[in-house]
Amino acid sequence: MSTGWLVGSVVIAVIVAPLIGGLLRGIDRKLTAHMQGRIGPPIIQNFYDLIKLFGKKPMVAGKPQLVFAWGYLFLIITAVVFFALRQDLLVVLFILGFAGVCLVLGALSVKSPYSQLGGHRELLQMLAYEPILLLAVIPIALKTGGFPITNIFEYGQPLLPNLWLTFIALVIVLDIVMKKSPFDISSSEHAHQEIVRGVLTEYSGPYLAIIELAHWYELVLLLAILGLFWIVGSLWWLSILTPLAIWFILLITDNICTRLTWSWMVKFAWGVGISLIALNILVVNLGWM
Amino acid sequence: MLPEPIHLKLELEDETVVGVTPIIGYIYRGIEKAGELNPFRNNVFLVERICGICSFTHALCYCEAVEKLMQVEVPPRARFIRLCWSELSRIHSHLLWLGLFADAMGFESLFMQCWRAREIILDISEMTAGHRIIQSTSIIGGIRRDIDKEMAKEVEHKLSDFKELMDNTVSPTVYNDPTIKRRTVGKGMLSKEQANLLGAVGPILRGSGVPLDIRQTGYAAYKETGFEPIVESDGDCYARTIVRLREIYQSRELILKALSLMPEGDISVTVRGNPPEGEMIHRAEQPRGEVVYYIKGNGTRNLDRLRVRTPTFANIPPLLTMLPGCELADVPVITLSIDPCIACTER
Amino acid sequence: MSILTKSRIKSPWLLHYDCGGCNGCDIEVLAALTPIYDIERFGIVNIGNPKHADVLLVTGPVNHRNKRVLRNLYEQMPEPKLVIAVGTCACTGGIFYNCPNTLGGIDKIIPVDVYIPGCAVRPEAIIDAVVIALGKLKEYKG
Amino acid sequence: MPWMLPTIWKNLFSRPVTRRYPFKDIREPFSGYRGKLHFDMEKCNLCSACAQLCPSNAIVVDKEAKTLKYNPFACIYCATCVEACPRKAITMDTHYSPPATVKSEETCRP
Amino acid sequence: MVAILLALAIGFPILTGVICLGIKNHKARAGVVSLTTLVLIVTSILFLRQGSFPYSPPPTWDWVILVLDYVILAYFLFVAIRDFIQRGMSRHNVLAIILTLASGIPLAVFEFSKAGYLPLEAEPTLYIDHLSIVMCLIISIIGSLICVYAIRYMKDHEEHLHVEKTNQPRFFFFMLIFLGAMNGLVFSNNLLWLAFFWEMTTLCCYALIRHDETPIAITNAFRALWMCLIGGVGFTLAIIFAWNSPLHTLSLMTIIESGAVACPVLLLPLALLCLAGFTKSAQVPIQGWLLGAMVAPTPVSALLHSSTMVNAGVYLLLRIAPGFQGTNLSTFVAVYGGTVFLVTSILAISQSEGKRVLAYSTIGNLGLIILCAGINTPLAIACGIMLIIFHAISKGLLFLCAGAIESHIWSRNIEDMEGLAARLPILAGITIAGMLSMLVAPFGVLITKWGAMEAASGIGVWSTLVVILLMAGSGATTVFWTKWAGRLLCHSPLPGPRKPEPIIPLYHGVLILLIACAVVFSILITPIYNGVVAPALAEAGYGVAFTTGHWFLKSPIGIFAAWPIFVVVALALIIPSLRIRTKPEESQAAYMCGENVEMGADEFVAVADERTPLKTGGFYVETALGEKNLNRFVIPIGIVFLIVLFAISVFPLP
C-alpha cells in the first residue's frame, strides 16, 4: 500500500468514525423509541447534544479527571489510527485497554460515592471483557499467520466460517462495551438509577462531551473489528452488514431484558466467552477448522 | 427513578450493603397541623395532596371518617362510585409502580409499556372525575360527579382495551421473563412471621402469605361487590410483584362489577353543621396498604386533631430488615418492592 | 441563530427534583417521558444529575429541610441553566400555604424562569413550559 | 426475555402511539376537565363565598376596593368556588392554565 | 583486567559490606555505601563494554567456596537450633533444621566420597555472557539505587520506631554482600559455585527479613529460610545427578549444550534446577515466604523483588531453558508459569495492603517470565529477558514509592493512601506512573507481555491453555493496579493554596531516576534489544526474535510501534496535566444528591442534619477472592504441579 493511501485512510478514519458513531447512537435512540411505541429524538440528536455540551461552561471536580478525559479520547483515536494503518491487532487492543484504564482513573479520581462505584464497576466490566477481546485475536492470528491486520487482508478468504465461535464471543464483548442490558452495570442510558450514571457522574459540559465523542470512536472501532471477519472475498459487503445486524440484535436484547449484576456478568463473560474462544483456538490448533 | 427523595445512608463493603439508615424529612410539610387550621371541609382537598398517587383513597378515608363521626348516611350510588375511583387509582398506582420497578432493574421498554397502559386509566379518570390524577371528587356526604350510563359504557370499553393491552404486553413478560426473575426471586425475603411481627401492610404483607386486606371490612361498596384478598406466599420481591399484577386485574373486575351493580339515586347528601365533639378512627386500603385516619372534632368547623398513619410508614421497618446483606444493585429493586411513598410517610 | 444556540435549544436535559410535592406533578413529569407524550422527541432526557442537566424541574413548595439541597443542586448545574417551577405549590405554595414547614414557592430560594400552574400539571403543560424556557436560551450570551 | 419480543417487534413496525403535542394528533380535553377559571364580573356581587371556601387562598375579595383578585398560580383547580358561587359567576374552561415566565394575578372589578 | 572487574563486581561490595559493619558514624557509612554503588555501576557498564568471556580463578578459590558453603549451612543450622531453644518448637524452625541437613549431608557425602577429586572443578568456573551482563546491570544499577535510597530510609525508619541503638551497620553489611553474591551467582558456571552463591543470597534474605527482630519478623525470616532451602536441596540433588550422569560434569554450560533431548537422563537435574528456581522466585505453592518478607524495611523488599533474590530463580530458568527445549518439561514450565500468573493476579485483587499487592504482582510477573522460559522460542526468551529488565525497574520503583509514602503516612494500607495525589502530588504522580508502567502499552512490561502473547499463540495444542491463562491474568492485573491508582487519586476539590510537598532529595532523586529509566528504556527498546538481548539469545543458541526498523519491534508474526504511542501518551496525558489549570470558579464539589456541605469538606448532611464524613473505599471482593478462600485451592494446585514436575522428569514421555 502506498503512503498516500495510508495517510488518506487515517484521515478518513479519524473524521468519519465519530460521524458514523454519532449517527449510530442517534439511530439507536430512534429505534429504541420506536420499539417502545414512541417517536424518539431526531437521528442527529446526539450531535446536538455534543455541540451543546461543548458550549457549556466548564465545571470540574479536580484536575486528574480532566487529564484522564483527554487521555481517554486521544488513546481511542490512536487505536483507531493504528487500526486504519493496519497495525498489529493486539497492539490496537492494548491501546484500547489503556484508554479504558484512563476512563476508570478519571472516575476514581473524584471523591464521590457514585463516581467511585461507577469506576469500580467499569473496572469489573474490563475484567469481564478484556481477556475475551485479547483472546479473540489469537484464533485470527493462527488462521492468518500473524497479528497485524494486514495479514487478514492478505489472507484471501473470509474468517467467519472458521471463526464463528470467536465472533459470538466478540458480540458479548460488544454488548458489554456498548453498556446495553443486561450488561449496563457501570452506567445506564437513563441516569436515575442506583449510581447516577456511574463513571460519568462527575464529568460535565465539555468534558462529558469529550468522553461521549470517545465512546463513538470506540463503538465504531469495535464494529470494525467485527467487520474484519468478512473483509476479504466476494462477500466483502457483508463486513458492513454483519456488524450492523449484530448491533441491531443488541438493541433488541437491550429492550427485552433487565440489567443484571456484575457478578453474573463476570461469570457469564469468563464462562461463556472464554470457553467459546478456547474451543475455537483448540479446533484451529487441531486443524479441524 | 423514584420521583421522590428518600435518603438511604448506605454503608457498603465492596458492593454488599452492611448498614442502612433511612434519612427522611425532605418532604415534611406539616399537613396534619394545617388540617387543624383549615375548615374541615377544605381538608378533603388537603389530604388528597398528601400523596398524588393514592390521593383518592386519602380523601375517601377522610370523608368516611368524618361521615362516621357526624353519623351521616351516604347514598349507595356514591359509595359505588367511590369504589370505582378508588380502584382506578389502585390500578394506576400499581402500574406506575410496576413501571418504576422495571426501570429500577434497567428494563426500560417494560416501563414504557406499563405507563402506556396506565394512560388509559388516566383517561378514564379524567373523563369521569375531571382530572388525570387528583380526582377531587369525594366530599363530605358523597361525591361531586356522577358516572352516567353513557360514561359507564365508555369506561367499560376503555377497560376492555386496557385488559387487552395488559394481556399482550405487560403480564406475559412479568410472569415469564427469566431476567426479571433473576433480579427479583429470592431478593428481599420477608417471612410470614417477620411480616406480622414488623407490622407490614398491603401487598408486602400479602406477598408474604398473610391474607389481610382492609377492603375485607367492606367500607365503600366492597361489602356489596364482595372481595377476596390476593395472596402469594414466597415473601420475595417477585411475590410482591405478582400480588400487585393480580390486583390490577382484580381491580378491573371490581370496577366492572360496581358499575353493573350500581343503584340509581342521589350522589350526595347535604351535610350541615360541624363535626361534634368526639374521636373517630377509620381505615381504608390504599394501593400500598392500610391507611388509618384519626380525627377529633370539637364542635367547631376546625378539627381538634387530624392524624394519619400511612402504609409506607408501616413498611419501612420490614424494608430495613430486607436490605442488609443485599448487593447495591439490588437496593433500588428491594426498596421499590415496598412501593415507598415518601410524600405519604412524611406528610 | 448560531449552531450552538440551535443545539442548546434542541437538547435540553432535565433534572427533576421533588422538594415537597405530593407526587402528582412528579409522576406527570415522568408521564411526559412515556410513549403517549414522549418528550424525547424534543431531545429532552431526564438525566438525574445536576452536572449534566440544563433544565431544573422543581415540584413542591420547598421546606426548611430541602431548601439547602435545592440550592446545592442549582449551584452544581453548569451555565447556561434554566429553572422551571412545576405545579401550583412550586409556584406559590398552593394548598400548602398554611402548612408550618413550607416556604411557599421555590422562587424564594432560586431564580425561576418559567412557572407552570396546575394541581397537578398536565404533561402538555410541561411541554409548553419547556418550549417557553428554551425561548429564553436564544438570548443567552456567554 | 423472549416474552417482550413480540411487543417491541410490533411497536417497531407500527405507528408510535405518541400524541404529537403541540403539533398534531392532539386529544381534545374531556368535557368535564377542570381547567382555567373565568370570572363573570357582571354576575359577581363580591359576596366572597368563593374566597372563604377556597382551600388554597387563591381568591381574595377586597370589598373596600371592590376588587376580586385571583391568582392562577396559587389555584389548585378543585372547582369548589364554581360550586359555591350563588350567582354562577365562576366557570371553568376545559383548557389548563398556561405556563408563564412571571407570576401574575388577575384583578377583576365588577 | 577481567579479573579486576570480577573482583570489583563480586568482592568489592562484600569488602565494603564488612567495612560497614565496623562504621558507627552515619555519614561515613553513607559515604562508603555511595562509593560502593558508584563502583558497582561503573563496573557493570565496563562489563557491558567487555562482552562475554570465560574465567577460571586459581583452584584455591574452589577450596574457599567449598568451606564457606558449609559455613553458611552450619550457620543456618545454628540459628534454627537457637530459635528452637529460645522460642520453642515451631513448624518453621523444625523444617529449617531438617532441610539444612537434607541439603548439607548429601552434599557432604557426595563431595567427600569423591575425595580424590576435591575440589570438584568445572571448566570454566565463571562464564560471563550477555545474559549474565544483563543481570549484572540490573543488580548493580537498580540494586545500588535501592541502597542509596536506604541510607535515608533507614534513618527515618529507626526514628519512627525509636530504635535506641542503631542496627544500620548490620543492615548495610547484608545489603551490600547481597549485591556481591548476586553478581557471583549470575557469573557462576560451576554448579558448586552457583549453589554457594545461591545459599548466600538465602542467608542475606533471611538476615534482612529478620532485621527488625520483632517476633513476626523472626517467624517470617524462618519461613523464608526453609522455603528457600527446598531450592537448596534441589540444588544438591541436581549436582549429584548431574555428576552421576554420563556427562560427568558440574559445568552448567555443558549440561545445557548437551540438552535433555539428546541425553534424557539430564531431565531430572534440570527439573531439580527448575524446582530451585521456583522456590527462589516464590512460585505457588511456596509463595508464602515472599509475602511474609514484607515485614522487612521497604528497601529490603525492593531489593528482593526487583534486582536480587527472586530474579535469581527466573535467571536460572532462562539460563537452563535451552537445555530442556523440546521436552514435556518445557510445556509444563509454560503452563505452570501461566497458572501462577493468573492465580496471583486474582489473589492480588483482594489485598488491601500495598506491599502485598506488589508482592503478588511480583510473583505473577515472575510466573510470566517462567512461562516465557517454558514457551522456549526465541521470541519468548527475548521477552523473558526484557521482562526481567523492565519488571526490575518498575517494581523497584514501586517499592521505593511505597516506602516513601510510608515515611509520610506510616501506613502500608491502600485505603490510607486515599487522596495522596492532593497532598503529595509529585510522589503520587511518580507512583501512578510506575503503576502505569507495569500495566499499559507502550511501557516495556507490556511490550514484553505482547511478545509473550504472540509467542504463546504458536506452540501447538497447549497454546490454548497458556494464552487463556495469560490473557485472563492480564485482565486481573488491570483491576488491581487501576484500583490502587484510583485510591491515590481520589480526593475532593480543595479550595485555596496547598501546602507544597516536602522534597527529600534522596527519595525523589532515586524515584525520578527510576521512572526516567522506565520511560527511556521503553522508548529505546530496539537499541536495548539489539545491544544486549539479541547477543544473549545468540549465545544461548536461539534464533532471531525480532527485527527492528523505524525503531519498531517486528516479530515474525507482529509489529509493535512503541514510540508513536509514547508521543500520544505525552500529548494525551502529560501535556494536559501540565497545561490545564483549573480556575477556582470552575471547581465544584462532587455530586452528593445536593447534600454537600461547603467545598473541600468531605462531609455530607445526614441524620438529624448532622455533618457526616463521606467515606469511600476500594473494591476488594474479600469474600470471593480472599486469600482464605482461594488458598484452599491454590496450594493444592501448586503441590499437584510439583508432583507432575517430577513425574514428567522421571518418566519422560516422548
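Think of it as A, B, C, D and E in the order they're written, each chain with its own count starting at 1.
Going forward, a contact is a pair of C-beta atoms (placed from the backbone, for glycine too) under 8 Å apart; a residue touches a chain by one contact, two chains touch by 3 or more.
Worth saying up front: this structure is predicted, and the values here are computed from it rather than measured.
Participant: Using the touch definition up top, find the fewest steps from subunit C to subunit D.
Facilitator: Minimum number of steps from subunit C to subunit D: 1.
Participant: What are the chains that subunit A and subunit C both touch?
Facilitator: The shared contacts of subunit A and subunit C, listed by label, come to B, D, E.
Participant: Please flag the chain sitting at the greatest distance from subunit E, going by CA centroids.
Facilitator: Of all chains, D has its centre farthest from that of subunit E.
Participant: Just the number, please: Cα centre separation of subunit D and subunit E in whole Å.
Facilitator: Distance between chain centres: 78 Å.
Participant: Can you compute the centre-to-centre distance for subunit A and subunit D, using the mean CA position of each chain? Integer Å is fine.
Facilitator: 50
Participant: Between subunit B and subunit D, what is the separation of their C-alpha centroids in Å?
Facilitator: 26
Participant: Report the inter-chain centroid distance for subunit A and subunit E in whole angstrom, where each centroid is the mean of the CA atoms.
Facilitator: Comparing mean C-alpha positions, subunit E is 36 Å from subunit A.
Participant: Can you pull out the residues of subunit C that are in contact with at least two other chains?
Facilitator: 17, 34-36, 38, 41, 48-49, 51, 65, 69, 76, 95, 98, 119, 122
Participant: For subunit E, write out the residues touching at least two other chains, lowest number first.
Facilitator: Only 588-589, 591, 593, 595, 617, 619 qualify.
Participant: For subunit D, give me the residues that contact two or more of the other chains.
Facilitator: 1, 3-4, 8, 16-18, 20, 55-56, 76-78 - these are the residues of subunit D that touch more than one other chain.
Participant: Residue numbers of subunit D touching subunit A in their complex, please.
Facilitator: Residues 1-5, 8-9, 11-12, 14, 16-18, 20 of subunit D touch subunit A in their complex.
Participant: Using the touch definition up top, name the residues of subunit A that touch subunit C in the complex.
Facilitator: Subunit A reaches subunit C through residues 29, 33, 36-42, 45, 47-52, 54-59, 190-193, 196-197, 200-205, 208.
Participant: Would you tell me which residues of subunit B are touching subunit C in their complex?
Facilitator: Where subunit B meets subunit C, its residues are 1, 3-5, 25-31, 33-34, 37-38, 45-46, 48-53, 55, 96, 99, 111-112, 115-116, 118-119, 122, 131-134, 341, 343.
Participant: Would you tell me which residues of subunit D are touching subunit B in their complex?
Facilitator: Residues 1, 3-4, 6-8, 17, 29-30, 32-34, 53, 55-56, 76-80, 83.
Participant: Touching subunit D in the complex: which residues of subunit A?
Facilitator: 31, 33-40, 252-253, 255-257
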